[in-house]
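After this come two complexes, each holding chain A, first together with chain B and then together with chain C.
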Partner chain A sequence: MFLALREMRRTKARFGLVVAAVALLVFLIFIQLTLQNGLLTAFVGAIRNQSAPVLVYSVDGRRNLQGSVITPPLEAAITAVPEVGRAGRIGEGTFTATVDGDLADVALVGYEAEGLGSPTALTAGRFPERDGEVVANEADADLGLGLGDTVALEPGGLELTVVGQAEDINLQVTPTLFTTYDTYVAAVRSVNPDARDPLPNAIALTPAEGVTPDQLSAAVNAADPEADALPRAAAADETPGVAQVRQSFQVIFLLYALVVPLVTGLFFLIITFQKANALTLLRAVGAPARRLVAALLVQVVIVMAAGIALGTALYAPLSVQRVGSIPLRFETRAVVVWTVVLMLLGVLSSLFSARRVLRIDPVEATTGAGVQV
Partner chain B sequence: MRIALRELRRRPSRFATATTILALIAVLLLFLGGLLDGLVRDATGALRAQDADLVVYSSTARDSFFRSRITPEERARVEAVDGVEAVGGLGVALLGGRVPGNGPRDLADLAVFGYELPPDGVGDPPAPGEGYADEVLRDDGIEVGTEVLVGPARTPVTVVGFVADTNFSGQGSLWVAADTWRSVQNANRPDATVGPGVFQSLVVQAAGGVDPATLAGAIDDATGGATRTLTLDEAVAALPGVEQQQSVFNQIIGVTVVVAIVVVALFFALLTVERTALYGVLKAIGARSRTLFAGVVTQALLVTVVASAIGTALAVALDLAVPAGAIPFVLTPSRVLASVAVLLLASVLGCAFSLRRVLRIDPAAAIGSAP
Partner chain C sequence: MSDPTTDDTTDPAEPSLVLEDVRKVYRMGDSDVVALDHATLEVAGDEIVALVGPSGSGKTTLCSIAGGILSPTEGRVVVGGEEISDYSPKQLTTFRQDKVGFVFQAVNLVPFLTARENLLVVDELGRRRGAPARQRADQLLEELGLSARAKNLPGQLSGGERQRVAIGRALMNDPALVLFDEPTSALDTKLGEAVMELIQTEMKSRGIAAIVVTHDERMVHYADRVAHILDGRLRA
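After this line comes the complex of A and B, so read on.
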């Protein structure tokens, strides 16, 4: 053990390089995890964190809130399903707004009643009570969407005032405002004089007593082939693009997870070869093999721990920034899970080196053969 | 140099792990790059295909088709600007399309474009109710002659031909005449109805010798600030997410290249340490540091070439294995060449860390410590 630490102290550059490689890889994994989660939250947070247990799209909408249009016959068919407790319209559109003096994109989600498409919970302020009042995403306060701020939709100049804030309620990576359905309709009309009365984009449902969201979804889908009802979590997960983002990042994480142990494995394999003569001599003077393997493992754990610590230190300040419209946050759970996984992979990767140490024959000290390849 | 090559031939296993790591890094670079190319291609094809120099949006539209409305009066002002050769209206509706033979819930994702000036590879506007489909829509069972029922209003559009690389916002495009688009839009999106003669945007061809950027300013002046005119490249970059995706992916690719540099540096620094005595002997019998370092660089380049070849093969296999539409991954020859070039550069840079050690080797001391 003493030898392991002394070796590391004496060859700082050598161990420093491998720590730097591990740190960069760890940083890449963590920052991409944060990007993935931030992107998905900014993409479908409004669906995940709205209050209706079931959302019904039109099949034509392809599970995209803005692309879905609920025609009057479809709306009638949905609300007539016996398993429905309460039902309310949801409208959604993306608008240009003057925010803090500049033009910006905002998404507007209109709902008819609290519990049917409103944000699940507020972190500050209150729900809209009058026309022109909205709830904004808490993280967008510094963009000019804080409590009491007013924005104007363009063209038309319809003014909206932020009266409440909620966490993670953005949609399509756009600052999102939740408001009453009437305000949403007024917004559509204000920006497009040619527009007719907008049809709802989705119907929010709560199940009747004793009915689960899954049962309600199945009942609605069976009632009309034009209806595409989904429980809340499924509606978020099956939004177009979500699965693609997840799959793409999973491939990236898998590749990085392979590179980390290979880098540490390669490093310790090479230095085991380089120390062959010294290790053989140590074995010849009575050092037990397990002590040499323990020294190797200590070095692996120190290198991995230092690499992960340095990678986390690089990641921490970046994890609280914004990337465009995507607010990031420090992913504690992911950091802990990946730390354990990478530590295990690092130790596993050193087993090849440990095997070679165990195969050292002390007699070879007299012949100089050292570690057997 | 010859010793370096001979070592590679005789003891390839020594380089196997480094080759494996670099091959994985090559796959990472190609996957990240291919993902970026796929995302950008699927999002921007319809604009890149425009045979025009400028795209005109409403000034309040934030460069979005869906929030832009160009009235006939504004169009007339644009057409009257000196240096404008031709003007065409352009509009798009994102809708689901029902394809005969598919299930009632199995719809094709469509971007229905109404146009006047034909984009590259797209013919003149077809007859009312007809359209040219992008090739990606073949995966949805669409063929020439298929009547697609568009949107909840089931507006019929018959496919009369196919075009390539014209996707928009990740959806397969369907190119129809302006009036067909207007009827599709108005029947299916009452919240986004467009009046007679109204388009979401205009595409403008500049007269010969006219600078598009200057013309863009003149157009916006002529409309009294009601429009925002972008060059085609600017319009492509302004599409939602395009610049952000490029920025984020390029940063990740950059850090991955740094990892490659560190890996090569680590590997060859360790090999150089191992060979100190050997290099000492070689120096003692007249070998120059330059020659020894050239051998290290040669080994690094060859390892990288082999790793790149393996990485490219794996990336191609990945491309073939990924089901169509699951991941927007596109592997192009230019991306492969660029990634390999970057890796080769990284390997040379990584080797440079060993240069100092090679230069510092003292032949006399090295011979004294040689086994």
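After this line comes the complex of A and C, so read on.
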């Protein structure tokens, strides 16, 4: 500690710069993690946070709720599967609505019964009990979708009143309202009075007693080749576009995972070379190599910890903002995981410098040759 | 002047350094280069020996072996009564911490440590005695006339002051032997003589043996004895 701390104290600018560089990278990692999670939640939150353990699409729908259409024969085949406990229709559509005086797109998800496609939990209010009542996404309250707010679907003017709020229930990055299946059907008819009753987009299932969601999905898929049943998490993750978004961000995070240790590794390698004569002198006067390596590692840990702390401090106020229609939030778990990963990467990156320190030959103090590559 | 805070473990009657028939051979490609050829030297408890020879004669190799920085290929090396001929690198590191002091020609001080910390670093990276070490560092700085410069970094010190700090650091572990490698080479004649006078005074007052490597014949009269070395062969 003696050597490490005194060097850092005497060369504040140098260590300050590397802390700032690490902090900037940490800030970028955290903010992009939050963006990724916010984007995916806004994209498939309605599927991830609906209550049915299994969703069944039609194969032609390609795992897209809006593109899937469940025909009556397919519905009959699904509900006849012995592993099915309860079954209920789900309908979904995007409508134009007057929200807070302005026209805006809203997605409407209709479910037949609570526990079969309704939001898993409410943060405020209650579930719809009468026609025209909806549950809205909590974060959309400031858009005019707060408790007690009313929106009118256009054309037709069907009024929907927000009676409940739930967390992260948007679909396709669009403000989403959950309602009863009957209200959903009424909404479709209000904007197109000539339309026939809409076919459901998916069937929500709960497994019979002793059956897992995976077993139920397999049984439904085996029963009818037109059925595409997926457990809830898979239904969210395999929504078209989700994997691509995740993959794109993973490439970015992989680059960061390379850049951060590269920055710290190069920094410590450069200062190891710069202070090579001092290190050689210390070895010559009897400093054990492990003590010099320990001093290096102490500096790495301090730099990484300070960089992560500063990066987190920069990230925290921005993480609770909103980017367009995507609400962000402070990702505690991601911060903890990345803190551990970055600390490990930082220490690993310094092993190159540590190797250089271990290779110092004290005899070089008599020649001034310093650290050898 | 002896140090009251530490025990003087070296018996003045016992030689501080004994080199017996020491050889050092380096392998260079397919051939062997003899850097030190059957060198024998004995340095008494408080004797100052000037080691004189041209570049490449083996002065630095001899000093490095005497100081436990290099191991001899053959022969016997005893410093302060401790035989180090067959020591492992780890044992030699501990030996250097405890038994010898060095003042090098090229780099002598850690640039980001103050004068006082340059003395304390020997203890901090070694045995960590704490308060006694701090007391000894302060005492050495005072004796070397550096108390007022204790908090200065090496870059803020003059050449002579830096050499005095290096001498202080070499004395921190109360060594049996101090090795000076061209201590005056970077100094002008006047300052060089002042440093040699200081070395002479400090070594004699503490009863510590020293080998001063030099190629400057003007400085040898500060030593008790002159040993000449040429092509690895010592003429004591």
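The rule we apply is simple: the second predicted complex is superposed on the first by the 371 of 373 C-alpha atoms of A that agree within 3 Å, B and C clash if a C-alpha of one lies under 4 Å from a C-alpha of the other, contacts with A are read in each partner's own complex, and residues count from 1 in each chain.
Quick note on the criterion: a contact is a pair of C-beta atoms (placed from the backbone, for glycine too) under 8 Å apart; a residue touches a chain by one contact, two chains touch by 3 or more.
This one's a predicted model, so the numbers in the text were calculated from it and none came from an experiment.
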item	value
Which superposed partner A:Gly101 touches (first chain B, second chain C, both, neither)	neither
Partner chain in contact with A:Pro317 - chain B first, chain C second, else both or neither	neither
Touching partner for A:Leu3 - first (chain B), second (chain C), both, neither	second
Touching partner for A:Pro362 - first (chain B), second (chain C), both, neither	second
Chain C versus chain B, contacts on chain A by residue	B
Touched partner set for A:Thr280, first chain B, second chain C, both or neither	second
Chain B versus chain C as contact partner of A:Pro82, first or second or both or neither	neither
Footprint overlap on chain A, where chain B in one structure and chain C in the other make contact	277, 368
Chain A contact footprint on chain C (complex, rising order)	60, 63-64, 67, 69-70, 90, 93-98, 101-102, 104-113, 117, 120-122, 124-126, 153, 169, 173, 181
Complex interface listing, chain A residues touching chain B	13-14, 17-18, 20-21, 24-25, 27-28, 31-32, 35, 58-62, 64, 67, 69, 71, 74, 91, 93-96, 103-105, 154-155, 173, 188, 191-192, 194-199, 225-226, 228, 240-241, 243-244, 247-248, 251-252, 255-256, 258-259, 262-263, 265-267, 269-271, 273-274, 277, 323-325, 368, 373
Interface residues, chain B side, partner chain A - complex	13, 17-18, 20-21, 24-25, 27-28, 31-32, 35, 58, 60-62, 64, 66-67, 69, 94-96, 104-105, 107, 109, 151-152, 170, 188-195, 198, 240-241, 244, 248, 252, 255-256, 258-259, 262-263, 265-267, 269-271, 273-274, 318, 326-329, 353, 371
Interface residues, chain A side, partner chain C - complex	2-3, 6-7, 10-11, 275, 277-278, 280-289, 291-292, 362-363, 365-368
